[in-house]
Amino acid sequence: MKHLTKRAVMLISATGIATFGLFGAASADTLRLLTWGGYAPEDVVAMFEAETGHTVEVTLSNNEEMIAKLRATGGRGFDLAQPSQDRISGPQEEFGIYKPIDMSKIDQSQFITSMLNATLGNTTVGGQPFAVPHVWGTSGLVVNTAKAPGVKDYLDLCGADVAGAVTYRLKRPTLIGFAYSMGLDPFAAYGDVAAYTDIINKVEAKLIECKPGVKTYWGGGDELLGLMRSGETVASMAWDTGGWKLNAENPDITFVAPASGALGWIDTFVLPAKGEADDAAYAWINFVMRPDIAGMITAAAGNFTASKGADEHVSDDLKARYQASFPPAAVDNIKWYPPVPAGLEAIEGAALDRVKAAN
Amino acid sequence: MTLPDLECLSLSKTFGGFTAVEDVSFAVPPSSFFSILGPSGCGKTTIMRMIAGFLDPTSGDIRIKGRSILQTPPNKRPVNMVFQHLALFPMMNVADNIGYGLRRKGVPRPEIDRRVGEVLERISLPDAGRRRVDELSGGQKQRIAIARCIVLEPDVLLLDEPLGALDLKLREHMKIELKALQAAFGTTFVYITHDQSEALVMSDQIAVMNHGKFEQVASAAELYYRPATSFVAGFVGDNNRWRGTLTRAEGDELQLTTDAGLVMTGAQHGRGLRPGDKAEIFVRPEAIRIARAAADIKGFDNRLSGKVTSTLFNGAASRVLLRPDGSHDEIQVALPQSGEFADLGRGDDVHVGWNAAQANVFPANDEAG
Amino acid sequence: MQTGARIGFILLFAPLLLWLGLLIVIPHIDLFLLSLRERIGVGEYRTSLANYIAFFGEPLYLVTFMRTAIMSVLATVLTLIIGFPVAFYIAKFAKGRAQSVLFLLCLVPFWVSELVRTFGWMILLRETGIFSELLQWSGLVDGPVEMLYNDAAMMVGLVYTSMLFMIVPLITTLESLDDSVIEAGYDLGGTGPSVLREIVIPHAMPGIVSGSIVVFMLSLGNYLTPTMLGGKDSLWFTEMIYAQFIVRFNWELGAAFGFMLLILSSLIVWAMLRLTGQTLEKTMG
C-alpha cells in the first residue's frame, strides 16, 4: 500500500512537470514569431537559424487575431509579433500587451528613414517607442479591366454596370475607403467621436444602398482570388499583392489605385509584454531588414519592405506591376492609416453588423 | 362438405438455386390444431411466412376458406401470426398491444375497449391492460401475444415456435394452456415447431417435414405407431435402429439380417420390400419386453439374450442399455416402472423380446437421420 | 488497501475532473464574470448588466439570435427527414458487407476537415461550378446559375455536415428494433405509414432525440458553413460572437452573447426533451 501511494505521488508530480513543460517557457533561444503569411519564408528562417543558432517557431495570423491572442495571455506566448502600425497604441493603452523597443539594439541604418520615423511617431506611447516598420503595402481595387473598365474608385463598385459581379470585405478598410470616395475624411475625424460616427453612418447608408449589387462579402484571400480568377466577380476591394498575383495569371486583372487614394498600411515589429527571447527578436529584426533578406521577403509576400536598398533585390516583374498600379501621383495620394483610437472599433462594428443584416 | 380453413396446393419456394419448400399440399379443417414438425432448416418457417404473406410462393396456391389469398397483402389476410419471440410492441401497454389490430381496422374506441377487456378476461389477465409489456412474465407475454391475434378473429392463427424461448417447466405448462386456448376460442391453429413433444401433445394433425417436403401427415398416435418413412420413425420418438439385408419376405412379415449378424423379424406395412433389399429396422425401446428368464419372453417373435452395459435412470423414462451375446450392437430398452428391475446392474444377464408387428422395416436410406 | 483503492479512484478520475474543471467550468465562470463587466474608459471597468441590456436593446442582435435558432431547428428537422430513411435502409435492409460499406460512405466525408468539405460545396454550387456547368451543358438553362451565397446553400452545408451525427444514433436504435415487431405490425393490419408512426418512430425516439440534440448543437455552434456558404445576408450568431471577441475587441459583449447562446441551446434542448417525453438519461444512455 505504501508503495502504491509513493508511486501515485511520483505519477502526479510527473504529470505536473509534463504539464508545466507544455505551457511553460521554451528555451530562451527559440524565437516564437507571430506574423503574417509570407513574412517569414522558410529559406529566410533557415538562413537565420544557421547564422545565429536561434530557432524560429512561426505562427501565422492577422491583425485582429494577433491582438486577441496577446490580450488573452497578457502578452505571453510569443516573443515577436507583427501587427499593423495603426493597431499598436490603442491596444497598448487599453490592454498593455507590448513592451517598449530598445532602439539601441536596432540597426536603424537599414531602415528607410522617413518610414521608420513615421512608424515611431505613430506607435509611441508614454514617450516610449513600441514598433519599427517592416512590410508595407496598400489596399485599393482589384479590377478586371477588360470587363469593368469603368471602375476607378471605391464608389464605382456600386455602379449598375458591375452589379452582381462585385465583392468586398465587410471590414473597416471598406468603411474608410468608401468614406474617402464619398469625399469625406475619416482619418481627420479620428479624434472626434461625433464627427466620426456621422461619417460612418453615411458610409453605412451607402453600403446598404450598394448591397444588392454585391455578389458576396469575401472573407479570406483565397476566396477573393477564386472569385476574381473565375470571372464570377469583375471588381473588388483588395490588397495590392492580390491584384498583382492575379495579373501574373491574367493580364486583364490588376490592382488599381483608387482615384480617392489607396489606403496604406505598414506592418511592424512589436515585442509582446511577456516575451522571453528579446535578443533573438532583435536579431531577427536586424537580420530580415538586410537588403538581400528583405528582397527575399518581398519575393515571398509580394509587398515591399522598409529596408533601405532592398529594391535592387526585387524582381523586375514586381517592380513593373508596382509602377503600373502606382503612377507617382498615386503614391503621393496614398492615405496612411493613423493609429486607431480605442473605442472606434465599436462604432464601426455596429455599422458593419447593420450592413450585414440589411436586406 | 365444409371447406378447409387453410389449404396449400403444390406449394413451392426456391431461393436462387435452393429449394426451401417443394410441392407441399395440405388442408387444415376448421377449428383444428395443425402442427408442422421438422428439424431447423427443413422449410417449415418458409411455409408459415408464405401463409402470412411475408414471402411469395414460387408456385402453388394458398387458400383460406376456399379463396386464394396470394394477391392479398399481409395486412389484409385473415391470418395472424404469433412470432417466435412474440414481437409484442414494447412502446405500448398491454391494452394498446391487443387493441392495435382493431384500431387499424377502424373499430370505434368503445368497441375496442370492450373487446380488449373481453379477451383479457378470457386469457385470465383481466387487470393487465394498463401494464407495460416488460413488466409481464414469459407466460403472460405468451398469452398477450395470442390474445393480440385472437381479438381480430382470424380464420387461421399461425404460431412460429412460440414456446422456444421459455424454460422447460413453463413450456410444459404452456403446452396444455395453448391447447386449452385453442379449444376455447375455436380458432384454427397452425403451429410450427422442431420439438416433437409440443407437436404430439397439442395437435390434431401433424405434418412431419424434412428437406422441404412433407414426409407424413397424420395424427400423433399414427406417427408414433405407424411412421410412414424412416425419417419419421427416426425423428418422432426414440428408436433402436439397425441396418441389414432382407433374407425372407412373407406377406407383411420380413426377416432381416443386420450388418452385425443378428437375425430379426419385422413388419413392412405394405412398403413392398423384397428379399435381398437393403433395409433398416426400427424398434422402440418401449416396445421391447425385458426379462430375467428366457421363459418370460417366449411368446415374442424376436428374442435376444445379452448383458447389461449400463442403466440410464431418468424417472419414468428410465432405460437400460444391453449388448446381445455375440454382437457389438447396443439395444435400448425401456424399464418397466413396477420396480422389479430396480436392482439391475452392469453385467447382469437379461433377455429381451418384441413382436414383429412392432418393428418397422423401411428401405435403407443413406441420408435419413 | 482501502487508501490504495481511493488513490486509484482519484487517479482515474483526475483527468476527467481536470478536463471539466480547467476547460469547461473555470472558463465559463470567467466568461460569466466578463459578461457582467462594462467598459467605461480606457482600461476602466465596472460591474453591470450593460452587455445584456445591449443584447436585448439591439434588434439586430435579437434578430440574428432568433434566426440562428430557427435555422438550426430547420437544419435539424431536414437532417432527420433525410437521415431517417438512410438509417432505416442501412439498419434494416442492407446486410453484412453492404451494410458496412454504406456506413463507411456516411463516414467518408468526415475524413477531411470541415473547411475542405465546405470548399467542396463551394466548388459544386458556385456560378462557374460543376452544377452550373452541368445545367448549361444539358441545355436546361441558358446562362450560368449562382447557387451559392444564399440560405439554401447554407442549409445544404449544415445538413451535410451534421448528417453522420443523426445517422449513427438512428442506426443504433433502429437495429435494436426486432424485424418481427415490424412484421407483426403489418400482420395485424398495419399499413406502411401506420407501422412507421406507431411502431418504428416510437421505438427510434431515443435515437431521434439524441441525434437531433447533437445536430442542433452542431448547427447552432457552426461558424464556417454559414459564413462561407451563406453569402452576404447570412447572419449567424457565432459569427457575431467571433466579431465581438476578435474584431471589435469587445470581449464583454462577446461573453454576454456566448451566455445567451448557452441559455438558448439549453432551453431548446429542454423543450425538445419535454415535447417528446424523453429524458436525457434515456437518450444519452
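A, B and C are the chain letters, set down in written order, and residue numbers restart from 1 in every chain.
The working rule: contacts are C-beta pairs under 8 Å (C-beta built on N, C-alpha and C of every residue); 3 or more make two chains touch, one makes a residue touch a chain.
From a predicted model like this one, the values you see are computed outputs, not experimental measurements.
Peer 1: Going by the contact definition up top, give me the pair of chains with the most C-beta pairs touching.
Peer 2: Top-ranked chain pair by contacting C-beta pairs: A-C.
Peer 1: So which chain is farthest from chain B, going by the mean of the CA atoms in each chain?
Peer 2: A
Peer 1: If you average the CA atoms of chain B and of chain C, how many Å lie between those two points?
Peer 2: 56
Peer 1: Would you mind pulling out the distance in Å between where the CA atoms of chain A average out and where those of chain C do?
Peer 2: The computed centroid separation for chain A versus chain C comes out at 34 Å.
Peer 1: Just curious, how far off is chain B from chain A if you go by their C-alpha centres, in Å?
Peer 2: The computed centroid separation for chain A versus chain B comes out at 88 Å.
Peer 1: Any chance you could list the residues of chain B touching two or more other chains?
Peer 2: none
Peer 1: Considering only the defined contacts, which chain A positions touch chain C in the complex?
Peer 2: Interface residues on chain A, with respect to chain C: 1, 4-5, 8, 11-12, 64-65, 67-68, 71, 91, 93-96, 170-171, 211, 214-217, 219, 223, 226, 230-232, 342, 345-346, 349-350, 352-354, 356-357, 359.
Peer 1: Considering the complex alone, what residue numbers of chain B touch chain C?
Peer 2: Interface residues on the chain B side: 52-54, 73-76, 79-81, 83-85, 87-92, 100-101, 104-105, 148-149, 152.
Peer 1: Would you tell me which residues of chain C are touching chain A in their complex?
Peer 2: Of all residues in chain C, those touching chain A are 1, 3-4, 7-8, 11, 42-43, 58, 60, 63-64, 122, 126-128, 146, 148-149, 227-228, 231-233, 235, 240, 243-251.
Peer 1: Using the touch definition from the top, list the residues of chain C that touch chain B in their complex.
Peer 2: Result: residues 178, 180-181, 183-191, 194, 198-199, 202-203 of chain C touch chain B.
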